[in-house]
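Dropping the structure in here first, questions after.
Chain IDs A, B, C, D and E follow the sequence of writing; residue 1 opens each chain.
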Amino acid sequence: MTHQGEVLLAVNGLKTYFSTDDGVVKSVDGVTFHIKKGETLAVVGESGSGKSVTSLSVMRLIPTPPGKIVEGEILFTGKDGVQKNIVTLSEADMRKIRGNDISMIFQEPMTSLNPVYTVGDQIAEAVMLHQGKNKKDAMGVATDMLRFVGIPAPEKRVNEYPHQMSGGMRQRVMIAMALSCKPALLIADEPTTALDVTIQAQILDLMRNLQKEVGMSILFITHNLGVVAEMADRVVVMYGGRVVEEGDVVDIFQAPRHPYTMGLLNSIPRPGEYEHVPGQPKGRLEAIPGNVPNPLNLPPGCAFEPRCKFAVPDCSKAVPALEDTGHGHMSRCIRWREFAQAQREVTA
Amino acid sequence: MTAVSNQTRRTMPATGDTLLDVQNLEKFFPIRGGLLSRVVGNVKAVNDVSFKVGRGEVVGLVGESGSGKTTAGRAILRLIEPTGGQVLFNGTDITKLSKGQMRDYRREMQIIFQDPFASLNPRMTVSDIIGEAMQIHNLHPGKQRVDRIAELLQKVGLRPEHMRRYPHEFSGGQRQRIGIARALAVDPAFIVADEPVSALDVSIQAQVVNLLQDLQEELGLTVLFIAHDLAVVEYICDRIIVMYLGRVMEIAPSRELNRNPKHPYTEALLSAAPVPDPTVKRQRIILEGDIPSPINPPSGCVFRTRCRYAIADCANIVPELREVSPGHFKACIRDDIL
Amino acid sequence: MTTTAPANTQKKDKPLGQSQFSVAWQQFRKNRLAQAGGLMLILLYVMAIFAPFIAPDALSSYSTSNITRFHPPTPIQFRDPDTGAFTRPYVFKYTQQLNMDTFVNEFKPSAERCPLYFGVRGASYKILGLFPGNLHLFGTNKEDCSVYLFGGEDLGRDLFTRTLYASQISLTIGFGAVLITTLIGLMMGAMAAYFGGIVDTVIMRLVEVLAAIPYLFLLLLLRSVFPRDINPILALYVILGILAFIGWGGLARVTRGQLLSVREQDFVSAAKSLGASDNRIMWRHMLPTLTTYVIVTTSLAIPSFILLESGLSFLGIGAVEPYASWGSLLKAAQDGGLSSLNTRPWVLIPGFFIVFTVMCFQLLGDGLRDAFDPRKRA
Amino acid sequence: MIPFLLRRLVQSVPTLFLASILIFFVIQLAPGDFLTPAKLNPNISPEALAALERNFGLDRHPIEQYFLWMKNMLFNFDLGLSFSYQQPVMDVIKPRIANSMYLVLLSTLLFYAIAIPIGVFGAVRQNSLGDKTINVILYFLLGFPSFFLALIVIYFILQVRSATGLDIPINGMTSNGFDSMTPVQKFLDIAKHLLIPAIILAVSDAAGLTRVIRGQMLEVMRSDYIRTARAKGVSERTAIWKHTFRNAILPIVAGIGGLLPGAVAGAGFIEVVFAYPGITPMILDALNAQDLYLIAGFTVITTVLLVIGNALSDILLAVVDPRIKVG
Amino acid sequence: QSAFVWPAAWTAEQNTANKRGGELRLSAISDFKTMNPFTSSEADSIPDRMETGAGLFTQDPRNDEFIPYMAASAPVVSNNNKRFVVKIRQGMKFSDGQAITADDWVTTWKIHTDDKVGSNSYDTFFLVGKPITVKKLDNYTLQFDFPQPSASALSIMSYAPWPDHVFGKAYREGGADAVKKLWGLATPASQIVSPGMWVVDSYRAGERTVFKKNPNWGDWNKDSRGQELPYLNTMSVRIVADANASLAAFLAGQIDTVGMRNADDLAQTKKAIDNGSLKAFLKANVSPQATSQWITFNWNKAGDPAKQKLFRDVRFRRAMSHIANRQAMVQLALGGLGSETYFSTYPIFKQQIDAGLAAGAPQYKYDLAQASKLLAQIGYTKKNAQGYLVDKSGKVLEFNLSTNAGNTVREQLGRIFADEAKKVGVKVNFTPIDFNTLVGQLTSKGENRPFDAILLGLSGGSNIWSFGSNVVPCGTNLHSYNNPTDGKCATSQEQLMTKLYYQGDAELNDAKRRAIGGQLMKAEGELQPVIYLVGGNYHVAFNERLGGEFAANMMDAYYGHRLQALTFIK
């Protein structure tokens, strides 16, 4: 990891809104985070918390209308070493960044590839676009990339169509496509959610290995905490379009300082932890009650307050600020100090 | 909220009375082709599957996508007609029953579907959906029916006033609850829960899992719980059946299976699940390649193409499911591993 | 507080018990064009129902003594030509003369004025075939001096009256035909899907055969099979039946496909698992999935039937004398050749009614389709 | 591929059989026959009529006529003799079908040339003013019965002709001196005659296809792989034409096979109004005259083409859509 | 031998400048069906057009008389006017250069009379069921033997001779089938041989047929100044959709002449002429058309004796004629451009009409009072509440009247008739029905025929003997009012008419024949078996580039406005 410490991408106060028939959806409402070179940043959060919108904002692929980046800046340092604000870049300049400096892979491997072109064509397209290679050379690159992501017989597979491949293979193709131009940043939006556990394991393994070889940064979006634990260096937890907690992966898992993070952690069944004795009642998963709030109708204060078991009257007064709780571990909860205290007591 | 109810004591598997006995269940989907669209092949979705489920027991059915879990679950309920084998429910072979006779058994056996979006008729209100079952079986006629629906809704954590709403007005988790309420409407003894939480977000998943567990304990239900995520299954089930490519690989009590998997596939499946703890760096067994086509499954042991312990014999012998320790069965010819 | 609490984030913005249709309605309300189309259609239908009342004359009454071939439209006058003061609205009486030099039958307004009255008594009629009456919205009360809002046609009949009456046929023939088509199509499709096997094969072959035979020609053939000496209005319904008879193929195919795919859907399995009978599954669960499709195709099929009827009239087998449809009126205009265009353009008015109605239906159908499109909903 | 075609062939037998029965007997059901008008001819005696009936085989039982016809068709590929032309049906309709095809092909081409850009535009600029305006105009044109539109157009051509003296053809397929033209002149002459009816046909129907394309485009534009393409950094043009359009037209490509019988069945009323020597006027005449074998033979041809067209559709779809395999 | 010289009087505009070449552009509404003269069954077919200028005799448009044409001289008549020996003009050639000889006439006759060929001219070679025979005496002499004298003998003999070396050869080798296979539309024009002025140059299905002049025809056809005819090089016939389209083509200057149907057509043409976009000759109401529209009542209604009695009552039929408001019909249905008719003879046959009027043939003109009086005589004096006449038993005086659907003129005539009938209290249920069904009803035979009254029209007929062989005599197909199984007349007038018909048909002297026709008209008029209504008028319009038309007084619906042989392009 060569440039550890240098900030590659910095998102500051990003606001992306959608105007719908029913009103304005503040999908991303003042999100701030950064990614350093070579680092993997995981973004977690429930469905609808704004993870995808954030990543699409970084790619400037928000469908407009109805969506629009209304505020904030996205500062990115490309391969050329120049820092640019993605929000204000021209469309032509943005196209040079997409697929070249920043690549993206999506959740649905089955539908994210164009069914009428061969996978080789689709990988080569990016190569031709950004590296000025001719078709033949680009296809060569495509074959190499397929081999790189571990697809057997890449010379043959390069001429196959997506439907001839399984979900896992398609996701590898997506990765190959994303990596074909050696991007500085890879955005992976729930790359394994649609996959089976065994295939998920393959893909995660692959991504980790590739990252080591290529040395890129990864913005990894998921709501699967197990995956986060395996992949991430740092974690951003989102809720209701805002970052509610941010910190080192170990800190987040061991000393969460936001009730939502705690709830999430508690609701996962962990293999091997529930060895209940036959005949005895089983324990309970500690679920977060209720549903994600309606993004049209967020509570005035902390968005999590209606579902929070630590809620106090103050929580609904104003949106809490994102505070540093020490060592870059940030939390958007007015009671974080109490949690920190409690954690210290437990460890003590 | 109600605490865990202690009314029902669970019986240990197989020892107590058996509610469901599946014998050599088989479901082949024909593939048509050729000049006169004759059958040219079969998708062997479920192939020679046998297991028993005790009364009040919760049995998990796991395996990766396409391994035949749903098909097995539906064939047991005769929602699709099995092509072979028997399903004994309370000692009666329901595969031989006529449509009319089957209808009475339907009261006893219910299913919760994987997809909470596709399994509710979008044109019916919640009360229609739940009430339909009662209407069919003439349960709770007249005014009582509304009360019963309200009661069921409350039981699954919804409110009576939700009765008048349509499915699209609910979130995924809420819909899954409606599905559960529908299954419970006829007071069944046995429920197939077909991946009831796979489509849900983690936090919602926990809600539904808890609900299911409560209901099971409260009502003494027998449940076949289908999933591909071992973590959830292990948490809720007494025993677990592992399937691969239409065949049973291993059956064991859940704790035993987790601690001491005897089949290489189970081992790989267990290791594949990511652990939500950044400090633990487990060595994972990565299965190479994809699940083979169920039309042309590998000869011998169907898992051998991805098995790291495969030997030459694996291609020749179809391994039988044998008991390796009390209550622990596996279908693998090698005893020298694991 | 270990188990779940009920979802308590009530959505307050949408009313409770919102059905699929009310959602669609909400969407529809946002589509101005579609609404305009729908509104115009309602007006047209109302106009058709009350045609006998609105029309100043009867469908086919003309004088055989005072022949007013292609009487030009009579503008309604409001001012006294001498004093310029406002008076009761009136029309001038016209005189006609065949000019043997130009061969044009020249109509000229004479000095005679025929005042217009509201609610005059005239030809008797029955609205919807039920409510008799002889009151007309307006008229001159004079035999030989009528008001021609849209001019006259080749027998001197009032084109406005004819157009109104014609709308009854044009606007219903589509409805009737589509209704029958839809019923047959649904039934055949359902039968094919339900029974499968030989029934399926036979029905699907039949659909193919119907698709294979050139539509127009089959129609002509079938039409000629039916005796022509029956009441023309009955003949129209015969056409209607034939149209329906030919048109069901597409819908049957879709129905069959849809039912076959719905059959695989979980909510049907769910009903089955509850022990629902086949009948119940069919009527309560499977067929209703076609509602939106049917609504939308219907709204688009009706105009095509209107066009088709005009085509039939073009071939002389649509509405026949003394009845009229927009198509048959247009056909009469077409028969007049160039003269219809350059000496009496008003005979084309029924054609514009067709154009307008079809357009409204298209806009409405489009709007409905968008409204029922689930992806458009947030 | 071969087995696929064979299967198609086998499946089409009952269709063809049913169609031939249906059409044959429906014609027979109609009152009168080909010779009815001759009965009104003051100069034809009953004896002569009887002789004609014998000559045409109309004195036989319809079922016998049908079987004779079928036999000839199956064993001699002979569709029978047209009564009014006194010639084999095939010879009579071949040139007409060819003429219809020119018109239908040109109008189809124009049809796509109009509908595709507008449909794509409508999708790209969904709900913009332009989108809505074009829609309304197209719906307006759609509402015109084609013969009515043609009448109006002919009128305007006449006006233009007399105003400018331009030799814009108003009907037919060729100009007077056609037979003495060079091949190039011939081609241009026919093209000149085809253009106006073809445009009317294309324009008055374009709304339907435009709507389909627009809907398809919108649907594909929402799909994940378009987002993938954009994420690669492709230009807007590439995203729309290469990625979206190619997928959006798949169902339309599938419909192309259906054009085959359509091309043969002619362009309908337009042919009549423009006195275009296509198949429609001929068949309408034949129907009027109850020229039994001409109608039945023509129907058999269109049915066969429908079957071929459907098979062609499937093959075409398989060609453009790699997901679909023929076989 | 000398050529046939076309009299100068046959055209009002001599081609003194000797303009040659050019094309006569015509139109037709339905496509051609065949080029074979023996299977062709419709008027203005390709063979019809080719045989212009072929035939032993031709009629002089000035006085309707037959003069030798392909015949070298007038025929030698013997055997009680039944045998005709005709010398054929020598030196005539087919378009392919072969000489035209007696064999061609004999062969043509043979093929037409073979019932396996199915020729439409079959019947012309029979008189009351007995055949006319044609014999070759030598290469240039023919002998015709008629079973009985016929007024139409010269006309019958004037059929076109088709080449024996084409048809005779095929006929001898392969019989009727071989003949039928010849000269289909797909036959190359080069194989077509014509005896007449034109020969096919090219045929394009559904579009146009072009004829070029027969190069050998001019050898024996000369104008009065000795120039070879025709002046034109080609004649094209373009197929158009309908009369509107041919009018449009005419107005656009694409065709040279067009039929004017009604005031609209005239107005359009006049307008185009007036605004300068068309240079054309236009003359309205040149003559009546050779058509009639009529209503026939069914006398064979055994199933409804009351109606049968009514329809057989001459007073009823006369009343019906009084009801027919022919003037209104002309005004309304024909746009003011038509003529009233009272007889089966078309008004265009003026000489015959005059003879009829001279003989006292009655005309029952529009007169409702008279109609009421006649109906009262039958017993209809009371009217019911709806205003309809009722008989003693209270039965309404009503009948059904049908016509063929789609014919707007007839539909209008029927409406007017029904409306007028209502004024005197007769209820007429008027319905347009399918043409074929209608014809089936009209031509049905028997004691109980399936109709009350039919409104229909006929056209065709000749100016030699203008009564229909299939119409007037009892027992014939179109003796529409009375057609019982045995074909017997029901009234003495019918018997008289039948007798007069055959008498006139056998009378060779024109004046005598017309006198007989006058008697027939009187009998027919008094009987009123069929109520004649109105007929349209003939108008002339042609593009001014055409020269060589008739003098204005010679133009009429029968001869048209010109002879193609004398037509030239200015």
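Heads up, the rule we're going with is that a contact is a pair of C-beta atoms (placed from the backbone, for glycine too) under 8 Å apart; a residue touches a chain by one contact, two chains touch by 3 or more.
This structure is a prediction, so every number in the text was calculated from the model and none was measured.
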Subunit D and subunit B - chains in contact with each: A, C
Chain whose Cα mean lies nearest the overall Cα mean: D
Higher-contact pair (C-beta pairs counted), A-D versus A-B: A-B
Of all other chains, the one whose Cα centre sits farthest from subunit B: E
Gap in Å, rounded to a whole number, between the CA centres of subunit E and subunit A: 92
Cα-centroid distance, subunit C relative to subunit E, in whole angstrom: 45
Intercentroid distance (Cα basis), subunit E paired with subunit D, Å: 39
Where subunit B and subunit E are represented by their mean Cα positions, the distance between them in whole Å: 90
Set of subunit D residues in contact with two or more other chains: 30-31, 158
Touching two or more other chains - residues of subunit E: 248, 251, 434, 437
Multi-chain contact sites of subunit B, meaning residues that touch two or more partners: 171, 173-174, 207, 210
Interfacial residue positions of subunit A with respect to subunit B in the complex: 46-47, 152, 166, 168-169, 196-202, 204-205, 223-230, 232, 249-250, 253-254, 263-272, 274-276, 278-279, 281-282, 284-289, 291-292
Interface residues, subunit D side, partner subunit C - complex: 14-15, 18-19, 22-23, 26-27, 29-31, 132, 135-136, 139-140, 142-148, 151-152, 155, 158, 207, 211, 222, 261, 265, 268-269, 283-284, 287, 295, 298-299, 302-303, 306-307
Of all residues in subunit A, those that touch subunit D in their complex: 59, 61, 91, 95-100, 103-104, 106, 108, 111-118, 122, 125-126, 129-130, 161, 163, 174, 177
Touching residues (chain side subunit C, partner subunit B) in the complex: 1-7, 11, 14, 16-20, 23, 265-267, 269-277, 280, 284-285, 288-289, 291
In the complex with subunit E, residue positions of subunit D that touch it: 30-33, 36-48, 51-52, 55-56, 84-87, 91-92, 95-96, 99, 154, 158, 161-162, 170-174, 176, 178-179, 272-278, 281-282, 285, 290
